[in-house]
Every structure is written in structure tokens, then in C-alpha cells.
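Okay, so here's the structure we're looking at.
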Amino acid sequence: MLTSGGDAPGMNAALRAVVLAAEHYDMEVIAFRHGYEGLLDNEYLSLKAADVLHVLQYSGTIIKSARCPRFKEVAAAQLAAENLDALGLSALVVIGGDGSFRGAEHLSQYWQGQIIGVPGTIDNDLYGTDATIGYATAVAIAMDALDKIRDTADAMDRVFIVEVMGRHAGFIGLSSAMAAGAERMILPELQRDKPLTVAALVKHIKRVEAVRGPGSYVMVLSEHQWPGGAVALSEQLEAEFDMPCRPCLLGHIQRGGAPAPSDRILASQLGVHAIELILQGATRVMAGIKANQMVAVPLVDTWTKKNPLDENLLRIQHEIFNPVKKSASKPSQ
Amino acid sequence: MLTSGGDAPGMNAALRAVVLAAEHYDMEVIAFRHGYEGLLDNEYLSLKAADVLHVLQYSGTIIKSARCPRFKEVAAAQLAAENLDALGLSALVVIGGDGSFRGAEHLSQYWQGQIIGVPGTIDNDLYGTDATIGYATAVAIAMDALDKIRDTADAMDRVFIVEVMGRHAGFIGLSSAMAAGAERMILPELQRDKPLTVAALVKHIKRVEAVRGPGSYVMVLSEHQWPGGAVALSEQLEAEFDMPCRPCLLGHIQRGGAPAPSDRILASQLGVHAIELILQGATRVMAGIKANQMVAVPLVDTWTKKNPLDENLLRIQHEIFNPVKKSASKPSQ
Amino acid sequence: MLTSGGDAPGMNAALRAVVLAAEHYDMEVIAFRHGYEGLLDNEYLSLKAADVLHVLQYSGTIIKSARCPRFKEVAAAQLAAENLDALGLSALVVIGGDGSFRGAEHLSQYWQGQIIGVPGTIDNDLYGTDATIGYATAVAIAMDALDKIRDTADAMDRVFIVEVMGRHAGFIGLSSAMAAGAERMILPELQRDKPLTVAALVKHIKRVEAVRGPGSYVMVLSEHQWPGGAVALSEQLEAEFDMPCRPCLLGHIQRGGAPAPSDRILASQLGVHAIELILQGATRVMAGIKANQMVAVPLVDTWTKKNPLDENLLRIQHEIFNPVKKSASKPSQ
Amino acid sequence: MLTSGGDAPGMNAALRAVVLAAEHYDMEVIAFRHGYEGLLDNEYLSLKAADVLHVLQYSGTIIKSARCPRFKEVAAAQLAAENLDALGLSALVVIGGDGSFRGAEHLSQYWQGQIIGVPGTIDNDLYGTDATIGYATAVAIAMDALDKIRDTADAMDRVFIVEVMGRHAGFIGLSSAMAAGAERMILPELQRDKPLTVAALVKHIKRVEAVRGPGSYVMVLSEHQWPGGAVALSEQLEAEFDMPCRPCLLGHIQRGGAPAPSDRILASQLGVHAIELILQGATRVMAGIKANQMVAVPLVDTWTKKNPLDENLLRIQHEIFNPVKKSASKPSQ
């Protein structure tokens, strides 16, 4: 087992579940430290139930994670295969995101053991599972920040921009915006279709004020969706439009804190599922959950296919809840 | 619209969604205060978007809730029907649990307007929806309490009992126990099959210690599953078995606090769905969500049919994660 | 060093400070596990800076705590003295409450080394220091519970009783009641003068409602101030006075969670102060803080002298903020 | 009464205390909305106990705040004096920071009524009081962010920079750094003496790693202490020194959330104190607290005199806890 790529809250719950389930089925678990780096460097430790009993309330990963660019090379995958064989291992559980799964698929070309992925990434951008481990916690943290901003925003009637993670997918942005009742979202999915201009944004801010009276205007900005991010956009609004605005950049705060209950429960289910998939002889699949059912998804599908935003959620937050009414046609469903 | 029965975190998000969606579709909303009491007493107010913009971060309900035993009488339902007609209302949205839905069904026999239920209860015990509004928050609060107990339990190697809500259904108990890694659950569903004795419990505590070495033992007890609750069980363990034990009774703490993101999002979806169901001509149904799809469930089904615990979750927490191994047959799936 | 008695949030920050300060001054630290038990059983470990760097964000104590009744015996103190000498130790830092300090004073009769106490107890009941480590966190947790109760209490207009720690001193009760705006407190200090009757309580509840209109009534009850605690008092109000009431028993939740900033800062200061007191040759004193100054208080004073509640705080919460006005004489100061 | 300048968590608790104490002493309270703006525009409302009972758990200010640059003009102060007299008011309580107190002092030259300041600012930069309302909450929020960063930082062994408020005073920076065990602080007070260069910073990062082994390095940066802030410094470390680094900009998050217990208690004490100072005939003073005693400080002192950082705290965090040891002379006290 290893945890790889950006860490995600709930990874500890996942590795705990792997260890407890393995022990339940009389299997032994070795954990490589620092992701694929540890696999290449033969840095590992044996994990027993007693080692992981109470780790599920902490974020991060007790076996550490790392990005490992050199793992793309053939030699690296071959070395990893040799190390796995030398240790007599028959299966590898990789907890991580799409980069980690690409690594797993790459390794599968040089190693005969079973490989199971467990989706651990706050971005929720993997095809084949309704949720990834860490996503719920990231949304909770972003929402909490937005709630705090609202308190002060309401006291001062100002514009605020909160930059959240998710450069390729607006899951955190959309969910936190809806949960906190933000007035505006700037998400990759929306920017792709029709990039927002500052002028259009200012127009919206003014129309919201006209419709609703003075009050706070809180915006959620996905990272990499504006040159210079929240800081630059804030400066533009102030400099060009004399509109008092304050930025906020959550950054890696979104990866920490006590994992949300649903992340711990999801991680527990998927960790057990990974072990049971091994018992069933599966390989090159990701343990996932769809419509409350445990599923196994081919690893390649997880990044080659697209996990779209929930259209109904997007419609509700972007259209129905938009303080500036756009249209009011009957719902088509 | 009204909120009825025990309040649930996210009710404000639900009523906000009802108001925003109604405004979007050019409908007007009147809210009765104190549930059916307000309907009978003609205590109501008009709600506009501006009134509900930033209420979604608070628990409770800004239009207050109440239980209303007298609503079971025919005369009460007739009076309610008259009041609704006198106000020229064409539809009623009831946010609450099974008791509130029984009231709604009762009313439907005397009133011609459309009636839509929105599931708002921390117990998650309604058939037809994957989750009820408030449940996720209650689990988060119970988990947080269990986490805190674990901190101190680990420092002192003791037994702790945390009593949670859910007298008829073990959802909060099971989910919080799994999320916090509790050593034991006493849930209605488990007690029904095979009630636990103190002796059996003590045996389990001792076997866990034997298997795992000294450490903390944290138990989740659903309310009404032990005579005298956590306090009495704790005293029994101390008096009869000389086993240091501390109780904790969460009570209504589980209904408060900032609603969890998933409760706010669920409430937002269901509130909009309720309005759109009205537009579609539906009545005597509950707006629900199943496998990520919005559904409409006959109100009577919500309490006559059973919402069972997730069997896989129960199996994982009760068997796989049980520190005292029972069996290790291969999974049958 | 050892941590003894009931654990308190911030003990880890204190032991970290002891280790970091010791290293700074080229001293070595050995930690006994499980308090005086470890001292008697020679269960100890060496602690270096690297072992304690990031422990300050967790409650509990990484070196475990325990109560040790047998330490009162002469033989125990003599054995402890022998063990300390055998290890060549010149000073002992005891992090704990009054029981732990009595143990330390007892030991000082049989051991020549320096003994420094560090006040670690959530009860804040030690003379000679403005605050003890863990108190601020306990208040924060009690306040958070009271806030959550208020959310739901306001939705339903009911009476709630929250039982908090502090059987001998009402610090947690008073501070959390004031911080959360509770309508009533039942504290040891108030009960001593004039024990409350149920009838008087009911009268107050009704007068509050009369003065203020319907609304929630939240009560803070210190443990051991009512036979049967919050559960029994709640039943009495319901049974005898038909007054809907819900109890809540926080228990050891108050010892867990992330330590409050002020507890971590206090613990850091006192841990360093303990080491610097050793360097200065002090013994049989507690490291404390009074009016922002670091002080050294004779150990015996800490439990023989009384740490009273802040009179101004008590006056404000009990008289000025009491919804039922009693008197309005000019302040005498 | 009015709340002015940047809002601070606990302002609601302060205004609640003012109202409750006023009612206790049979005084009436009128609140101006939006600070001095409301005083100039005659925008006010009457506040009774019932209006403020349960506002103390929320940040922000229910009577809104604002900055009011035009209040520096003589005409503005004269207009304010006229408005106050027209309403028959005999005293004004100003809850705010140094800017607000300058306004109050300015007004006192044109108005005969009593003027009392209540220190409400997260920056803690007012002379004459041990703490200002909002400071403890801001520290708690910054610490929480740092804790979350540590979780993920430990998983990945990286450098992180968290930018906190306090451009003129390092209180939030120092306290949150100590509470969270940060490896480095960049504070106004430290920068003034000896501005840090990137090269020196990189050297420190490397020495910490050399001394302590690989691990996380978390830095607290007070705003306005680095050109371009945390984002720019992070880019410099990455671009010039190939050192992976992630920034985080807390911004106004530090002003929101549930006020910390100590802020609510402080605000309650100071609000009552303000009313009692009025009864005692005081004017042009700030209600403060020093060494647990209520004090009255001339308004002009609050900004003309300097509130220095606690030297002992600074010494502990910057020297004793610095992973890179500098000196180990015996403490001089």
C-alpha cells in the first residue's frame, strides 16, 4: 500500500480500513512511505491494526505522500516491480488521484501483481465514483471560510473573493458556493464556455445591489481561473472600478483539519472494498462508489473519462439562486 | 410553508431555497410560524428573498417549529384547510419528519391544495430518500464528540459511553461510530435481534484489551436502548464490574451548530425540488433524493415503509472493524 | 517529567515546552509514562525536540496520565525517590492538578531533587495562577455546546440543562454561561450560600418568560450540584411542573479537541518557566502566571489556599445579565 | 452607541452588554447604524434587551460598522453633536479601534456629552488594555489555519507561508505562531529592527532541515511585511531557490466565525464597564482591562502610547523554540 500525490483528508481512514480488512482476512500489509518514492527506495514498514486504530481522525497521511515525476520512466516501473517481487507482495493498493493512478497503470505493464486504486483527492475529478476521499472535507473548510467572510462582509457591505482549489474541476467551488450562499462563482466549467470579464462582473455586482439593496457580495474563485488569482482580481476591482474588495486565498488549508464524517466513512468503505477486490481477483481497477453501491472502475477510465459537475446543482446555484434573475421558464424535467 | 416537529440543521437552508425558487418562478410564499400551530392560529408572515438570503449558515428555523398533537383531530385539519383557503394559498410545503408528514396527509383529506413534504429530521428514518436534512450535521456533531472523547480516553485508558439520538433508527449511531472508530455500538437494529447483556459487554471490553493491549474503549449508545441510558450503563459497569467508565449524553447538541455542507446542499436541492413539484402539479409526495436523482415519494410511503441501515456499512463497522475478530470468511458479493 | 491526574488539553504543549527549553539550556529530559505509576514502575522514555515538535495541536498527553492512589504511601514516595536517583535525575516537573501536587509535595520529603509543578487541569481550581492549562479549552467546548443548544432551543422555545465539569469550583460553569449567554447557572459557589429549590427555579423560568416573552431558557449546571445531575433535574421539571426540558451531559468531551490558543500559549510559557525555575534553583513551587507575570508559588499554597471566582464576572452574569431584574443600585466601585 | 471601523468578533457581545447593563440601570440605548455614518445621517434604532439576547454567538455587528473618513472634518463633528443633542442623548459609547477613538476625541471638542470607548479590534494594538475585543478570535482562526496547514505540510515535507492580519502590530502573528508551533515569524516588530532577506530565510529553512531532519516548515507572515505578501514570497522561494512553497492568505476570515469565549467575556465586561463609567461621570476614556482589573484609560493615550508585544512570549517563540539554536545563556530574570 502507498499514498501518493497531494494528500487528502481521509487518507488515514482509508489506510486504516485497508489494514483492518487485511487483518480480518488474514492478509499482511506493508506500507511504502512517501508514495512511489518509497516504493523505489524500498522505504517501507509493516502495518498492523494496533498501528492504525485511532488515525482516522487526522488529516494528512501517517505513511507520508509525495509526487514522483521519475515514476513515469520505464526503469522506475521496472525497479518498482522488482522491489515488490523481492518483498513477495501479491497486490498493491494505491491511494491517490489521477496522477497516482497513471503511475499504477504504468507499473501494471511491468508487474504481474494485482493493483487496486483508492480515490484520494480533494478535487473530486475522477470518473467512476460519486465522491473521492477528501472532497467533502475540502468543501467543509471552504464553506467555513465563506461563512466567516459573510459575518464580516455583512458588517461592512463589501465585496469579497475567496480562492479555492480545483484548477481543472469546479466541484469544491460549486459545492462550497452553494453551501455558503455565495453570490457568484468563477469555475473552470463556466469559464470554459464564456470567460467572465471584469466589466461583466462589476455589472453583476451592481445589479445585485440594485435588486437586493446594499449588502455583502461574496465570490468563489477556483484557482487558475483568473490571472493572478483573487489578489489580482481584487486589485482590479478596487483600482479600475473603485469597488472596495478583499481577497482571501485558502490554499492548503483545504487539505487539513479533522476529516469530515462522510470522508471517513467513504474511506473506510473503499479501503475495505479494495481488500475485497483483491480477494476477488480484480486488478487495474479503482474501488469506487456509485449510487450507494460499491463498484470497480478500470483505472484508465478514471482519467480518460470525464466526471462532470452535477447539472442540477449548477442550475440551482447559478440560475435559481442568482440574486439577479435571468429567466423563469418552467423546469423542463 | 411551515417547519414542523423537532428542528433539524438545514431547515433554514430548505426554507431559503423554497423562497428563492418561488421568487424565481414568480410565486409568493407565506410562512406559518411554529409549525401546524401557526397554521391553526393564523400566525404567518410573508417571506421574500431578502428575508432569507443569509440564513443558511444557521441551525434552527427562523420561522420556529413545534409539535402539534391536536393536529390529529378532524376539526384541526378542517380549520387548517379553511385558513389556507382564506389566504388563497394553492400549495403547502411541510418541512419536517414522519409526524409532520402524517399531519400533512391528514390535512390532505380536508384540503384540495397541493401538499409537498421536505424531509427535515436528524434521524434519517424516512423511506424514499437517501438522506434527510439535518442527519449529516447530527453525525458530524456526534463524531466530533467521539473524537474529543478519544483524545482523553487515550490519555487515561478508560471506557466511555456516548449516548446519541435515534431511538427508532441507528443511523446517527452507526455513522458516527464508523466515522470516529468506536469500539462498540448499541443500536436499535442490533438490540432488536439480540439484546446485549452487561456481562457480554464486559466480556467484549476484556477481549478487546486482551487482543489489542491496554487502550481506550469508546461505545456509541442510541437513546432508549438501555434503561437509564449512558449514565445507568456507566454506573453498572463501575459498580458491578469495577470498570472505570464515564458517560456522556449529547442530547440536543446534535441539532445545533452550523449545518454541514451536505445538509445545506441537500436542503437547497429539496427546497427547489418542492417548488418545481408544485409547478408540475404533484401533491401528497415528499421531495427526496435517491442515487443522486431528485424523486417524489408518496407521503404515506415515507413512514409505512422502512428505511434500513446500509448493510455494507453495518457489516464493516460491526464485523470487519471489530477489534475482536469473529470470522473471516470470504466476502460473498 | 510526568503528566498526572485527569488529563487537560494543553498538557502536550506544556511537555513540548519543557523539552524544547531543556534542549535550549542543554538539559536532558526523561518522561515517565502514566504519571506517578510510571515513576514507580520505572516506565520512562527519553524525549528530544524531534519527538515533540508537532504535538501541541492535540489534546490528551503523549506520555499518558493516570491517577495513582498508592502514591500517598511512604513506601511509594521512597521507591520513587530511589528510581529518580538511580536515573541520576536532578529535577522533576509534574504537570497536573492539586492531587498531583500533593503527590509532589509528599515525594519532596523523601527526595532531594528539585520539584516544579505545572498547573494542568481544566477546573482552574489552583491558587496562585490566573489560569490553569486546559481551562480555556474546557470553557470553549462547553460554550460551543451551549451555542448549539441555543440554536435548537430558540426553534422550540424550551428549557435545556447542560451539565459541565467543576464539582468543587464553578469556573467552567460561570465562564461558559457568560460566554453563551445562559439564563441560569447552578454553581458550587452559589449552591453553598443558598441551595436552589426546584420551585424557585420554576418561578425564575416563568418570570423570565413573563418579562421577556416566550423563548429559550438555557441553564448551566456544574456537576455534583444536583442529585442525579441534569438528567434528574430535567425529569423533575417535566414530571412535577409539566415543563418540557432536555438534559445534556458533556462529560469528558470537555477534555478533548484541539487545545485553545490561550491554553497552548499558557502551557508553552509555563513549560519554559518550569525549566528556568530549575536553573534558578527553585523547588517545591508551581510555575504560574499572575497579571501577565510569571510567578513561582509554593506547592502547598496551591491547594491550601482558595482560588475564588472573579467577583465582577459573577456579578455581571448573575445580576446584571439576569433577565429577571433584581436591583439596580449604582455600582459601588 | 455605535460600532465603527473594521468589525471585530465580539462586537455583538459588547453591544449586548451595553444594552443589558443600561436596562439594569434604567438607561435607554439608541444605536447608530454604520458607525459615524449613521450618526451623521441620523440612522438609528432603539435597542432593548429582547433585541440583543442571543446575538453574542455571532461575529460581525448587528448595527453594522463602517469607516467614515469625512468624520475628521470639523463640520462633521459639529453635525454629530447637533444630532446627539437633538436626540437628547447624554453619553456616547464608541466600540472600535484607534481610528474610531480619534473620531470620538475629535467629537468631544464639539459635544458636551460623555464619551466612552470600548476597544473592539482584532489587532490588539491599543494602549491601556491587556486585550481588545476580537483579538482572541482572530488568533484562534489563524491558529486553526496553521494547524490545518501542518497536517498537510507534514504529509508532504514542504514550506508554507500563512499571511495574517496586523500590519502595524505582530500580536496575531506572534500568538498564532506560538499556538501552532510555527517555525518562523515575520512580524512588524522584528522587521523594523532587522528586515529579513530571502537569502537569510532560505538559510534558516535549510538549517532547520539539517538540525531536525526533513519535515514541514510553516511560516507566519504579518500583512504588509513583504512586498506582494505571501504569494510573492512563495514565488521567490520557488523561482530563486527551487524550494517548493505554498502561500495562504487568510484575509477577513480572521474577523468571522463564532467569537472565542474570552472575547465574549471580555466584551461583556467592557460593555458593562462602559455603562458604569458613564454612571460614574467619566468621559473621554476607554474601558479597558489590565491585570484582571477594570480600568479607564484616557482616549488619547490609546493611540499615542504604544502597546508592545509581550517580551517573554517573543523570546520564547523566537529564541527558545527556534529549531535552530542560537544561544543558551542562562535566563537573566
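Note that the chains take the letters A, B, C and D in the order they are written out, and that residue 1 is the start of every chain.
The working rule: a contact is a pair of C-beta atoms (placed from the backbone, for glycine too) under 8 Å apart; a residue touches a chain by one contact, two chains touch by 3 or more.
Here the structure is a predicted model, which is why all the values come from computation and not from measurement.
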Touching both chain A and chain D, which chains are there? none
Which whole number of Å gives the spacing of the CA centres of chain B and chain C? 34
So, in whole Å, the Cα centroid of chain C is separated from that of chain D by 27
For the pair chain B and chain D, the C-alpha centroid-to-centroid distance in angstrom is 40
Residues touching two or more other chains, restricted to chain A: which are they? 144, 147, 150, 154
Going by the touch rule stated at the top, which chains touch which? A-B, A-D, B-C, C-D
The answer for chain B against chain A in the complex is residues 16-17, 20-21, 23-26, 49-50, 53-54, 56-57, 130, 136, 139-140, 143-144, 147, 150, 154, 175-176, 178-181, 212-213, 215-216, 258, 260-262, 264-265, 268-269, 272, 276, 279-280, 291-292, 294, 310, 312-313, 316-317, 319-321, 323, 325, 328, 330-331, 333
Complex interface listing, chain A residues touching chain D: 3, 6-7, 9, 11, 58-61, 64-66, 141, 144-145, 147-157, 160, 229-231, 246-257
